[in-house]
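Quick heads-up: structures coming right below.
Here come two complexes built around subunit A, the first alongside subunit B, the second alongside subunit C.
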Partner chain A sequence: MNKLVNSIREAIVLSGLKDGMTVSFHHHLRNGDYVLNMVMEEISNLGIKDLTVNASSLFDVHTPLITHIENNVVTGVGADYISANLGRAFSKGILARPIEFRTHGGRPSDIASGKTPIDVAFIAAPTADAMGNCSGKYGKSACGSLGYAYADAMFAKKTVVITDNLVPYPMQDWSISEDYIDYVVSVDAIGDPKGIVSGTTRITRDPVGLVMASHAAKVIEASGLLKDGFSFQTGAGGASLAAAKFLKDIMLQKGIVGSFGLGGITGYMVDMLKAGCFRNLMDVQCFDLTAVESIKSDPRHKEISAMQYASPNSKSAAVDSLDVVILGATEIDTDFNVNVHTDSNGYIMGGSGGHSDTAAGSKLSMIIAPMFRARLPIVTDRVTCISTPGKDIDVLVTQGGIAVNPKNKELKERLLKAKLPIIDISELKEKTEQITGKPQTLPKGDKVVAEVIGREGDVLDRIYNVL
Partner chain B sequence: MNKLVNSIREAIVLSGLKDGMTVSFHHHLRNGDYVLNMVMEEISNLGIKDLTVNASSLFDVHTPLITHIENNVVTGVGADYISANLGRAFSKGILARPIEFRTHGGRPSDIASGKTPIDVAFIAAPTADAMGNCSGKYGKSACGSLGYAYADAMFAKKTVVITDNLVPYPMQDWSISEDYIDYVVSVDAIGDPKGIVSGTTRITRDPVGLVMASHAAKVIEASGLLKDGFSFQTGAGGASLAAAKFLKDIMLQKGIVGSFGLGGITGYMVDMLKAGCFRNLMDVQCFDLTAVESIKSDPRHKEISAMQYASPNSKSAAVDSLDVVILGATEIDTDFNVNVHTDSNGYIMGGSGGHSDTAAGSKLSMIIAPMFRARLPIVTDRVTCISTPGKDIDVLVTQGGIAVNPKNKELKERLLKAKLPIIDISELKEKTEQITGKPQTLPKGDKVVAEVIGREGDVLDRIYNVL
Partner chain C sequence: MRRSMLFLPGNNPNMLINGNCFGADAVIFDLEDAVSPQEKDAARILVRNTMRYMDFNGCEMIVRINSIDTDYWKKDLDSLLPEKPAIILLPKTCTPEDVLLADEYMTQVEGKCGIEKGTVGLMPLIETALGVENSYRIASCSNRVKALFLGAEDLTADLQCKRTKEGREIEYARTRLVVAARAAGVDVYDTPFTDVNDDAGIVEDAKTAKELGFTGKASISPRHVETINAVFSPTQAEIDYAYEVMGAITLAKQMGKGAISLHGKMIDAPIVARAERTISMAEALGLDRRDINE
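On to the complex of A and B.
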């Protein structure tokens, strides 16, 4: 048995890829990824048409995809997140079929259940052996966790590992094992290390951000959840990281030992692990070099699959045990529905990722956002796109006050008792509009460019072309 | 969400187990296992009948199963191995349907493909958290690898974890993850440590065994396979371990660095790892305390699932990369077919385990066995039961000479060149019978008590009741 083939082209041919099939990619190499472009170029050269690309996320580096769409090589796209430049092209309506947006938990759920079958999965592997055992932890293109790639590897009909660090069999510390892999290709480079992980994500120094972060930490402190066994997820945004920093100080001061930090992991979560704020990190994706180093060397820092992270189809997922998550928003409406898919002009510039999954699973889901950005208010009557339904959001923290979802009476009482600046979300909207003015309603096109599919499979919203 | 239930009985009720269904068990607790008996007793108390028990192996500690069979609680049995006392009962024909014997690779293959679906899997877990993340490495009942339990956990409709060491969520170093687990039960003890692992398996001191072991090591040395990257599996029998010892000496003397040791892992394989004979161990089951300690603490010693170990349904398994395996036999015939299921009297006293899988996958599969046991010759015209087909066996090593399968001309030439005592297998049979006399042919019953299903799903042989 020999899985090692000479080129990506040979692997594609051997995989039996044909017109109309689905190929898949994972996004751990982020904006440094070479693999999707290399594979799609060979597919295009082979004259294969009408493919669906199922990617856990797409970044601006994947802009060549637009040419493949124009040439009918690609006629369908599924993703959990699409970055702004690429999103702008999609918002112009270049794709005949709507994009299918899923969540980081919904995607593996639909792959595992057979709802969105994958014909050929391509795994970008920073280290692999010739039988396909592979890992993201080692090699010049190390990205840490390969969490989002597990479902692709396990359920695709054919799976191709593409690596730039082929090591003797068996590689010592594999993540995805050979029993799922059909072909292995060795290439010069699978990505640009500068784009794969950031050096360090910076805590905000912006005074507004620091006010929000301080509020956020105090909300968590007052919520009743901050005690031994506490579990936590936060994003990599500057204000979220600042909130994590304030939270860390409170935990250390009070001697609270949490259970786990979850999610896409940054160096700040690693710091909290090292400081004793958590017993464990559960990591589906590493955001920076500190996280990559930690998952490689610290046994308390464990890789998890997207199924174990967030799939609603799993018998349980880590999000189901999560106490608090801090999330972002481009818009939030007075029913607490959150938009993270489009900007206020309606252009695609993001996606749910784990937003809806953690909001649904956690005991306290907090949105942290400034009252306005570029004179556009964050609170609206109705978000341009419902990414996460308001029923799953507990509280909004801004520099102008903290709005609690009315469903969560107990939390409101606790925050009032802690003398935090509580404000009704409609009042917050009015207060903001007194500063910014009332934004104009934007005309939207009549072509659906994307469907937002909730983690349970329901269509939450549709995104229209921008005129 | 709360998976933690109060008792095994409650877990069974919640699982929806009904008459006619299939329950499954794994055998890492070996002859110290309490779990199968505890579960079957509760099932019996609940009045559920006509079940199939799919166990990776059954040991004498599971003798209460006979009562459940007599009471029609259990009417079907599947296993990869059944030990002698229990086997003797089965050979008397107590079960209406034949036992289905599979291999350690064939069993997970048939579970994964849906050929042998499991309704409720019971996982004996030496450590677990309340969401079902679990491991065999830690706790008073530590058994090391849980390799055989992965398929059960991943593909059963319902999965129950039973542990005697419940730890806070998330346990740090889980093997099987919560996304596969429905219920968790905490009990006082899942097994008797004395029966779970042996203290140390002993190398033979028997002169006959040492002669065979020395021959075995020399065959490997002469085979051309013993070079850097060499991979190896051996059983826990005294002569096999002695062969490993001689092999280790040769490897150290020649400075050969092998790639991996595979299989059920003993302290002797751990010694070879520590001595630098291998870069890695791939471990589906730990045989002794040294192996348990090693898999817990040495990152080079990795747990593998039975799918990754040996499944013919996997895209590749470790056995496919194996150079040499040393295996045992109760009988071998002049066509090199091997029996490891019955003794020479026809009583069930074993099973293929990984025998057929490693024989099929390895480049050199060697049987090591004495010419006779209790005056019964090892070489026969036709084995009582074909466990592993002769096409997959390369060479038989006895104290009376080394018989090479005629299909393997190159190996014969190499061994002759190395001046090893080569003998035709028919001559070896005659030579043995000159010592032992010709054994009587045993009368066999007309009831099929077991079917031996090869790793690819073909019925290799049938075992009849003993009169």
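On to the complex of A and C.
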């Protein structure tokens, strides 16, 4: 059997891709990804039209997608996250059908169940052998975990591996195995390493960010969850990392050994693993070079699929064993609904990713956000878009105080006992508006440009075109 | 109570509007060194509006005006005194006459604004060799003087020595200022620790200041505030001991004794006075005596 074909074009032809089908991509190469653009260019050259692109995330590097939309090569998009420049174009309503936003757990769940079937999956693989065993840990384009690609490989009707580091069969330490792979293509480069992972992720030095991070660590300390076996997820943002630093100090001081760190993994989480704060890391995506090196060399640092990470229909998912998650927000309303899809002007600039999965699964979901960004208050009467429902959010940490969701009375009592600066969320909103003023309500268009689909499949909200 | 005093540049809106979030007991709106000459007027307006419209949640407001050898200090007072800061920080104070000059003008401005005379306090910033040598006279020359403040950066320049983290070059000035301030019955504040990235250094520097008798310490970085507050707050052991001392004294009175011992040591008036100060501070900070049943 020969799976190795000469070109992406040949693989597309052999896959049987036709008008109206769905193609899929993962986003582990992030803003350094060449593969989506290379594949879509060949698809366009072949004259195939009316495709749906189901990508775990889309970044600004994928801006050529706009041209394919304008040329009707692409007429539908599904993603868990869309970055700001691309989002701005989508917010103007260039797609006939609304974008389907899912969560990192909802996407593989719907792929697995057949709700969103994939005809051809294209897997960018930093290393692969000729039979399609592949990994993200090795090669010049190494990205670490390939967690988001597993469901695509396993459930697509045809799967194409595209690599720039073809090694003799069988490669060592593969992640996705040959039994799911139909074709393999070797190319010069699958991505730009500079855009794939950052050299280092840095803790914020912004004093306001540090105050929030300090509050966040104290909330976790006071929550009653910080004990041996503790599990934790945080993002790669400066304030989230600073919170992890403060938390690490507390854990080391108290001799607490956690069970696992979860999610997108940064060098800082690797430091916590090495320092003995956790027994394991469960890694669905590596954010920096330290994380890539660690997943390659440290057996305690395990690669997991998006299904194991967060799928609501897996027999179990790691988010359901998670104690604490620190999350961000572009807006949060007085019912604790959180927006991470749009900016305050209504333009798409993100997506849920694992936001609502971890918020739903964890025992304590915490939002860290400043009271205002530029002139705009973060706490509103109603968020521009509900990305994560307020029922799944426990606490908001800002520099001006900590607002606890009234549903979590026990947490509020614990934080009050710890003498943390608790404030009612409506009071926090008023306090912020005393500084910023109350922003005018934005008029929105009448065209739905995106639907936000919750992890259980329900439509949480609709995003309209920006006038 | 002022354990920590955080400098906020008077020309930085982001720092000013967030100034009440860092946990400092007092903020110092800086119109002097942080502000270039061409921005003095803008900073004055910005600080005035910040004081007028922002809620500082009980965080005390101090203004560092420009020194009396500049053309700015009177304008600073004209703009800011009506907002009733708790304290005016007077830089480069060298003699009692400097204090009295500022005091006199403050009285004039208070009169014009209908503010009771002496409402706004003065904190001379001692940052010259002459100022150090005159420190007791400076501290005791006016009722407006509430505290002395050591400024080590300008002082070491004046002393023609290098400013170091260890601070041996300011040992004399530190002890001299503490003695002068205590003799005059006012508080005394230590110079900021300027390496914002040295987390261990600030702990040591603040501990040194506390051991020498300083009331608190200033900071140019919000990152140092929590450390300073912690160092200048009574420890649980100190609080517990203070309550034990007061308990022993109460018992002595009930027994009609003039003196009593605790843990084999006689409790005398200075120990009682220290215990009272500790309890007063603990109460202000909401710190409780350890529950002996815990």
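FYI, the second predicted complex is superposed on the first by the 467 of 467 C-alpha atoms of A that agree within 3 Å, B and C clash if a C-alpha of one lies under 4 Å from a C-alpha of the other, contacts with A are read in each partner's own complex, and residues count from 1 in each chain.
The definition used in the following text is that a contact is a pair of C-beta atoms (placed from the backbone, for glycine too) under 8 Å apart; a residue touches a chain by one contact, two chains touch by 3 or more.
All of these numbers come straight from a predicted model, not from anything done at the bench.
Trainee: Given the superposition on subunit A, are subunit B and subunit C in a clash or a fit?
Mentor: fit
Trainee: Quick one: is A:210 in contact with subunit B, with subunit C, with both, or with neither? Answer first, second, both or neither.
Mentor: The second partner, subunit C, only.
Trainee: Which partner does A:435 reach: the first (subunit B), the second (subunit C), both, or neither?
Mentor: second
Trainee: Is A:400 in contact with subunit B, with subunit C, with both, or with neither (first, second, both, neither)?
Mentor: Touch status of A:400: second partner only.
Trainee: With both structures superposed on the shared chain, find the angle between the C-alpha centres of subunit B and subunit C as seen from the C-alpha centre of subunit A, to the nearest 10 degrees.
Mentor: Taking the centre of subunit A as apex, the angle works out to 130 degrees.
Trainee: Which partner does A:173 reach: the first (subunit B), the second (subunit C), both, or neither?
Mentor: first
Trainee: Looking at the overlay, what does A:279 touch: subunit B (first), subunit C (second), both, or neither?
Mentor: first
Trainee: Please name the chain, subunit B or subunit C, that touches the greater number of residues in subunit A.
Mentor: B
Trainee: In the overlaid three-chain picture, find the nearest pair of C-alpha atoms across subunit B and subunit C and give that distance in Å.
Mentor: Across the overlay, subunit B reaches subunit C at a minimum of 31 Å between C-alpha atoms.
Trainee: Enumerate the contact residues on subunit B facing subunit A in the complex.
Mentor: Of all residues in subunit B, those touching subunit A are 1, 3, 131-132, 159, 168-170, 172-174, 177-182, 229, 259-260, 279-280, 282, 299-300, 302, 304-305, 307-308, 311, 314-318, 320-321.
Trainee: Going by the contact rule set out above, which residues of subunit A touch subunit C in the complex?
Mentor: 207-208, 210-211, 214, 399-400, 419, 431, 434-435
Trainee: What does subunit C use to touch subunit A in their complex?
Mentor: 14-15, 17-18, 21-23, 53-55, 221-223, 226, 286
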